[in-house]
Amino acid sequence: MPVVRIDMWEGRTLEQKDDLIREVTEAVVKALKVSHQDVVVILSEVSKDHWGVGGQRSSRKK
Amino acid sequence: MPVVRIDMWEGRTLEQKDDLIREVTEAVVKALKVSHQDVVVILSEVSKDHWGVGGQRSSRKK
Amino acid sequence: MPVVRIDMWEGRTLEQKDDLIREVTEAVVKALKVSHQDVVVILSEVSKDHWGVGGQRSSRKK
Amino acid sequence: MPVVRIDMWEGRTLEQKDDLIREVTEAVVKALKVSHQDVVVILSEVSKDHWGVGGQRSSRKK
Amino acid sequence: MPVVRIDMWEGRTLEQKDDLIREVTEAVVKALKVSHQDVVVILSEVSKDHWGVGGQRSSRKK
Amino acid sequence: MPVVRIDMWEGRTLEQKDDLIREVTEAVVKALKVSHQDVVVILSEVSKDHWGVGGQRSSRKK
């Protein structure tokens, strides 16, 4: 019963999120030999203002 | 000083969230013999669009 | 389908952990009106060396 | 730059974990159109003693 | 490649968040001798309604 | 009352971890104007076998 959490920048379409949930679930099922119903995927959208790399928020990058 | 994080679908009332914080804190206090003030509970509401089970977002389920 | 994660200091007995899982699950069921089978609780034991409050690891406190 | 965290029961082989990291990365790349190097996957093995469903630790299930 | 996640009450200014990302990155670089580009900081704002201490949500405290 | 969680590769000395807790706490205090006692830092050591970048576990990198 794996629980997958994905932190990512906000701004994806609903279709992309659907793809992400479906593809990641398939990947977990394939690698761990668990059933689809046992895989939980939680998406967490993070503002670029709140995501820093190298000491600087990502919304600042040109 | 336990830290409890609860991911759940959005849509609960403030009263339900108050209940959740209070009840979970009591549960932790009772099981671990810590003081109430040492228990931190952080609620995280997740859209059903962002919560997938079985490869499909929960907002799709009828 | 709430997912509860509890970070706590290591050193609890298996019985205490069983209590914790049971009591917290009951608390979530009661507050959110979900079924028991929908509640996932994940315990995460943290060494006092790895838990800092006030800038100091907790294993240092007398 | 998505960060993926997977909580799962302990006991997988190194080969399974390699598969998991590779397959999940591919899934994220495909769904979000990011580059492979931007995907971070962190696996977290959880003892069945520490994973509760329905109020009961998973190590108790026969 | 440390990943730092900070849960905090909502309500900080963008300037405070910039300071936080920069200062925490510097702290990690200094303590762990990693390069700036290897440090990811993810800020997560939590409503005081969703943050409980002592069994009570923080928005209730006077 | 910020809660800071740091995922990092295992293998740091206790002294480095002490530095990390102290420095990160100072950084949060400085940026957010909170008191030292309100800052919780939780370190989480991750095996390089469990940390993947670019689809490959970090223990594989030469």
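Think of it as A, B, C, D, E and F in the order they're written, each chain with its own count starting at 1.
Note that a residue touches a chain if its C-beta (ideal position, glycine included) is under 8 Å from a C-beta of that chain, and two chains touch if they have at least 3 such contacts.
Note that the structure is a prediction, hence the values are computed from the model and not measured.
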Open item on the list: Give me the set of chains touching chain D intersected with the set touching chain E.
Closed with: A, F
Task: Chain of greatest Cα-centre distance to chain F - done: B
Open item on the list: Let me check something: if the centre of a chain is the mean of its CA atoms, which chain is farthest from chain A?
Closed with: C
- [ ] State, to the nearest whole Å, the distance from the C-alpha centre of chain B to the C-alpha centre of chain D.
- [x] 21
TODO: Could you tell me which residues belong to chain B and also touch two or more other chains?
DONE: 1, 3, 7, 22, 26, 40, 42, 51, 53
TODO: Assign the assembly's chain-to-chain touch graph to one of these shapes: line, ring, star, complete, other.
DONE: other
Task: Pairs of chains, among all present, that meet the touch criterion - done: A-B, A-C, A-D, A-E, B-C, B-E, B-F, C-D, C-F, D-E, D-F, E-F
- [ ] Within their complex, state which residues of chain F touch chain E.
- [x] 1-9, 12, 16, 19-20, 22-24, 26-28, 30-32, 51, 53, 58
TODO: Give every residue of chain F touching chain B within the complex, in rising order.
DONE: 1, 3, 40, 42
Task: Touch list for chain B against partner chain A, complex - done: 7, 46, 49-57
- [ ] Write out the stretch or stretches of chain B touching chain E in their complex.
- [x] 14, 17-18, 21-22, 25-26, 36-37, 39-45
